[in-house]
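Here come two complexes built around chain A, the first alongside chain B, the second alongside chain C.
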Partner chain A sequence: MLRNLLLATLLIPPLAYADGGKPILNVSYDVTREFFKEYNPKFVNYWQQKSGQTITINQSHGGSSKQARAVADGLEADVITMNQPGDIDILYQRGKLLPKDWQKRLPHASSPFTSTTVFLVRKGNPKKIKDWDDLAKPGVSVVIPNPKTSGNGKYSYLAAWGYAEKKYGGGDKARDFVTKLFRNVPVLDTGGRGATTTFVQRGIGDALLTFENEVQLIKNELGGSDFEVVYPSVSVLVEAPVAVVDKYADKHGTRATAQAYLEYLYSDEGQELAAKHYYRPRNEKVFAKYAAERFPDIALFSVDEVFGGWDKAQKIHFDNGGTFDQIYTK
Partner chain B sequence: MLFKKTLLSSLLISSGLIAIPALADDSQELEELRARIQELDQKIRVLDRKNEIAVEEAAAKEKEKPVLVAGEKGFGFKSADGNFEFRLRGLIHVDYRSFGDDEVNGVKQIDGFLARRIRPTFEGTLFGKYDFRFTPEFGEGVNRAQDSGNTARVVDAYIDARLEPWFKVRAGKFKPFVGLERLQSGSDIKFIERSYVSNNILPNRDLGVSLHGDVLDGKLNYAVGVFNGSVDGGENTTTQDSNIDKDYAARVFVQPFKGGDSALAGLGAGLSFTYGDAEGTAAVTNLPSYKTPGQSNNFFSYAGTVVSDGKRLRWSPQAYYYNGPFGVLAEYAEVSQEVRRTDIDRHDTLKNNAWHVTANWILTGEDASFKGVSPKSPFTTDGKGWGAWELIARYQENNIDKDAFSTAAAGPGVRFADPRTNAESAKSWAVGVNWYLNQWVRLAVNYEETHFDKGGSVNNAGAATGGFTDVRDRDDERLLFSRLQVSF
Partner chain C sequence: MAIARTWKSHSVLPGFGLALGFTILYLSLIVLIPLSATFIKSAELSLGEFWAVVTAPRALASYRLSFGAAAIGALLNAGFGLLTAWILVRYTFPGKRLVDAFVDLPFALPTAVAGIALTAVYAPNGWLGQWLEPLGIKVAFTPLGVVVALTFIGLPFVVRTVQPVLEDLEAEIEEAAACLGANRWQTFARVLLPALWPALITGFALAFARAVGEYGSVVFIAGNMPMISEISPLLIITKLEQHEYAGATAIAVVMLVASFALLLVINSLQWWVSHRHGRKQ
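Up next is the complex of A and B:
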């Protein structure tokens, strides 16, 4: 019996990690470049120790919805790391590339960390921007990526809508508020990183709306003394879901590696790294460790709570002919 | 001078001719100008940025535009993501056939040119996984005599759904996955005419559907299919099947060392079967005739009163081996066919077979493979490149079941075929040279000699209606083929 057990122990590892060190492709959204640049070598090291395999991880970044469409159209990603579930849902809807219930496969609905939408303003906050109302005032210029192509832009739009709904009531009032706000948006970039370029490097606008981790990156690495971060009274909970793209992982024979790659995001090391990059970790201990320093306590609402889920929000607001198309006429 | 100016200024100011605005007004105006300049500056920046984004988007859209293709794989166009593609390809074979004898068994052998294949091919891909192919034929022997014009026909017309590498579905008219040499493209075959195995025993093309796929990293290929069924070496037409029962085909082919560095990396071997049940009639016998290598004459045909009468089973072991410039392809095929005489009560199961071994050696060092040869140095008229040169050799046999002919007690006779006009076997050897000027153009010369055994002629032609004692071997066939091939 003992001998059989010993034999089984010797045989199981090579069978369990039968991917043979094949490279994997992670298709992600625009503003995760820096995080995965640091995360990937850590995972490669971890995986090397665990399985004995040395692997390569390839990255692809861009506007999240655009990236998701690319995968649905045939870009053979082994894993996809997006900033909204809707972008992963289309992989099921358009090509059955993964199962419908993909969110059940990892904790926290397959979202290992979160973020929120905040404001970045110029030094001294010359337009005195404190909350959402200030963004809709005449004479204020706001930079937001295109909600049709960018998850970052969608969250900014929904955050403004949710704020208006809570403060002024739903329906036409929220619509009027968001219309006014988007009148102040002079240019629409396709992704979050492009919007950062518009605001920081091209010097356009009084405020940039983007993810909390992105504004901290700008502050820390792209001229921190020239900008200030403003946390509004309320904002949207940004969930960053991840999934193995079953069809392509199976085709490439990389399922075990891809699965481990995503599970490692939930490890202490992965969560610490998320916090370091200003993503709000799901691990409560890690979150508590960094909360005071990095994550101000603001009221957050989820897309499910205010909009009834991403499917509904997409259909009403962002599909062709939807509310955004109606209010944004520039 | 300076004093004069100062005095003048003082006088003008004091007289009220020049007014100095209040300091407060000046400051306000400066602020307004500054704001105005900032506003204009923002507008210019926004315009610049919009232009920048428009250029980026235009560049991205440019990448999404369909791409025109004109190159090694033919001509066509495809979508930027490659999921939709259309290709125009072509294959032209113009041959000259010279027979060594002007007359064989009393039949004139006419030397001359022949447009053996004139095939445009329209093929492509839809949604990245559905391939289609349509190939009409405007050449070949089905073309009628000089005065009756050509008869075009459809050679291939099918769709192939590549659902998974291990699960593909092909439907339409196509080559059944049976014969190894038959599956080799017409532009890649080594000799001008395929072997007896391909031309006389195994099916050429058929109408049906086949499941096929590659597993174990392409080391194992499988195929199973159901077809209308065709006679030996036959090609089913696009019309309705004349037979109620269908034919079934299956094949496995392994390349166990594929992708490795060993000397056996180019080894492949397989086994295929077809099985069907065909009842012939006097009008449609569902039985074949076997051609000589010259393709103009048959050396074996069943008697006019013989029809197919049930099961037809074919099986074919097959293999190839390629190593560096050397290649060899070998194939055996046997058909077991139930036949019946319609004029008398006679039924039997006859077994006919064929086999060949074909070897090639590329003198200019290119690697031999199942596919065509792509010269390292294409031919140029200035002598800098001579293309690729290949020597080829083949031995092949086609053997008919002796029970087709004789009744043991009474000597030679017509059981199912007449030995006075049909031989029991054909044995051929051939050599040749292929000159690949480039990957599209090839010149070929083949010499093939065939010896026929046990029948096919009589010593005295005038006694053909009499006894069988004068039966002799059919005259040998000697052929010099040459071919110009253009394929793209």
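Up next is the complex of A and C:
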């Protein structure tokens, strides 16, 4: 048995090359580790049956903006899977690694599943955190990753802003609310996973703001009974876009594989797996199947609706001197 | 010509020209070219833009923290490093070699590991943090945490620069001082310390320089709040991640120039001290 295994490991690489199955690199954001760990073997199987090629898929994870910058600076990713389109637009703006209209190449603006920002609180919810207002109260401590470096943090920021705009009106009122909320943030980690560690392992904060899938992962895998999930009255629709990085995929001769890798995310298997990891699937049948058990009803607004798109949101809120910087300099 | 001869006449071995040429080439490739790239990139900004970036309140706060915490860490290390070196040179005790080896650990440990370990220990629910918290002392996620991390990574520098000098100072010198009527404090302050000053200052400068540029271990323990616990290297990384390369290098240039100026001051101090000491002898 052991000998066979050894033989197999010796044989696989040359065979793979003989079949033209080149490895592909998926550069992704911080909290998709568990999903792709399960998705990749499924796709490898599927692709083997379909094309006869045995491929390997390499993964890279980190704060989304950092990951996007790495690719823009020359990390030769075949596919990129981010949590906001801005981080893929960068690849067009710097170096034309893919076409400008990349979002039109796959259904649902190239985002095969969605998520939203929700709260995780400690057992029994001692600070009675029910909605966004409770996070901005004095004496409450909230852990959010840094919006400057993480898409996860950007969504939390925009979700709070969107809530305030709906409830109190726009402009200064929304800014005051978000300022109060961020004054309650004791640690700004650079990525979503770092924020999870701070909240769960270090015991900092009364609430953690992060993606629904991350919250459920913590609840189910990291000492679930110590935490409770809180769904606010309204939150932001997180659209996680994916794209083939044309320049590198062509250079590596992996375009067909890379394309299939992303399309498979939209298949029933891919969507089921997404639902299993608490990403909200786009496929309505699959969504309906899991909705009652996994995806509580929550009013969601998109970044396009409230902020007029990511470009605008980035300029007003996150660029130098934007509303986020003003929280700390005023 | 005459000058060239005096340069060469110091050495018995030939090859001065070749060796100097190689040194300059080596330094250029490893140090000068990357550093000049920093300056060139920052030159993409106009003078006004450059000034606005490097004097933004957040940037100023980060310099204060980076240089301040590095100085405090290096000072702590100068004191306790001297003590450690003293113990290691002057006394024998069981496990001495082990302690000696421990000193180098901060060199070898990946800084991220050090940062995570320190955070785990000093977090409010950590081994030390849970005892400090009731006393109102918060270490992790505050500027104090930055000092702790920078002290940790700077420890070996002072010990390793002072140790050999101390080894060369024979215990007989102390005995002679005692015979000549010096009390213990006088022996330490008048006999030992003057000989140790140059090494101590070098160790301080190395620890300080290392701490100013430290990133890996600090980001875990600092909390990274703008204006409070955000170090300059993190500000540089943040700017890079916003794709503001010129802004990032502008901050880098400020750190570079400030570090260079400070090291220059420290080195001249060291030269002055050793010179003065040398003349006295």
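Things to note:
One rule holds for everything that comes next: the second predicted complex is superposed on the first by the 309 of 330 C-alpha atoms of A that agree within 3 Å, B and C clash if a C-alpha of one lies under 4 Å from a C-alpha of the other, contacts with A are read in each partner's own complex, and residues count from 1 in each chain.
Keep this in mind: a contact is a pair of C-beta atoms (placed from the backbone, for glycine too) under 8 Å apart; a residue touches a chain by one contact, two chains touch by 3 or more.
Computed from a prediction, not measured in an experiment: that's the story for all the values here.
Following the overlay on chain A, a clash is recorded for the pair chain B and chain C.
Within the superposed three-chain model, A:65 lies in touch with chain C and out of touch with chain B [touch as defined at top].
Contact with chain B, but none with chain C, is seen for A:74 once the two complexes are overlaid on the shared chain.
In the superposed pair of complexes, A:204 makes contact with chain B and with chain C alike. In the superposition on chain A, A:282 makes contact with neither chain B nor chain C. Of the two partner chains placed by the overlay, chain B and chain C both lie in contact with A:186.
Touched residues of chain A were counted for both chain B and chain C, and C has more of them. Applying the stated contact rule after C-alpha superposition, one finds that A:320 touches chain C and leaves chain B untouched.
Contacts of A:141 after superposition: chain B is touched, whereas chain C is not reached.
Chain B is struck by only one stretch of chain C after the chain A overlay, and of the options 148-156, 202-210 or 220-228 that stretch is 220-228.
Within chain A, the residues touching chain B in one complex and chain C in the other are 186-190, 198, 202-204.
Touching chain A in their complex are the following residues of chain B: 42, 45-46, 48-50, 52-53, 56-57, 81-83, 128, 165. Those residues of chain A that touch chain B in the shared complex are 73-74, 141, 186-190, 194, 198, 202-205, 251.
Chain contact summary for the complex, chain A toward chain C: residues 63, 65-66, 69, 72, 90, 94, 146, 148-149, 185-190, 198, 201-204, 318-320, 325, 328-329. Residues 56-58, 119-120, 123-126, 140-141, 219, 223-227, 237-238, 240-244, 247 of chain C touch chain A in their complex.
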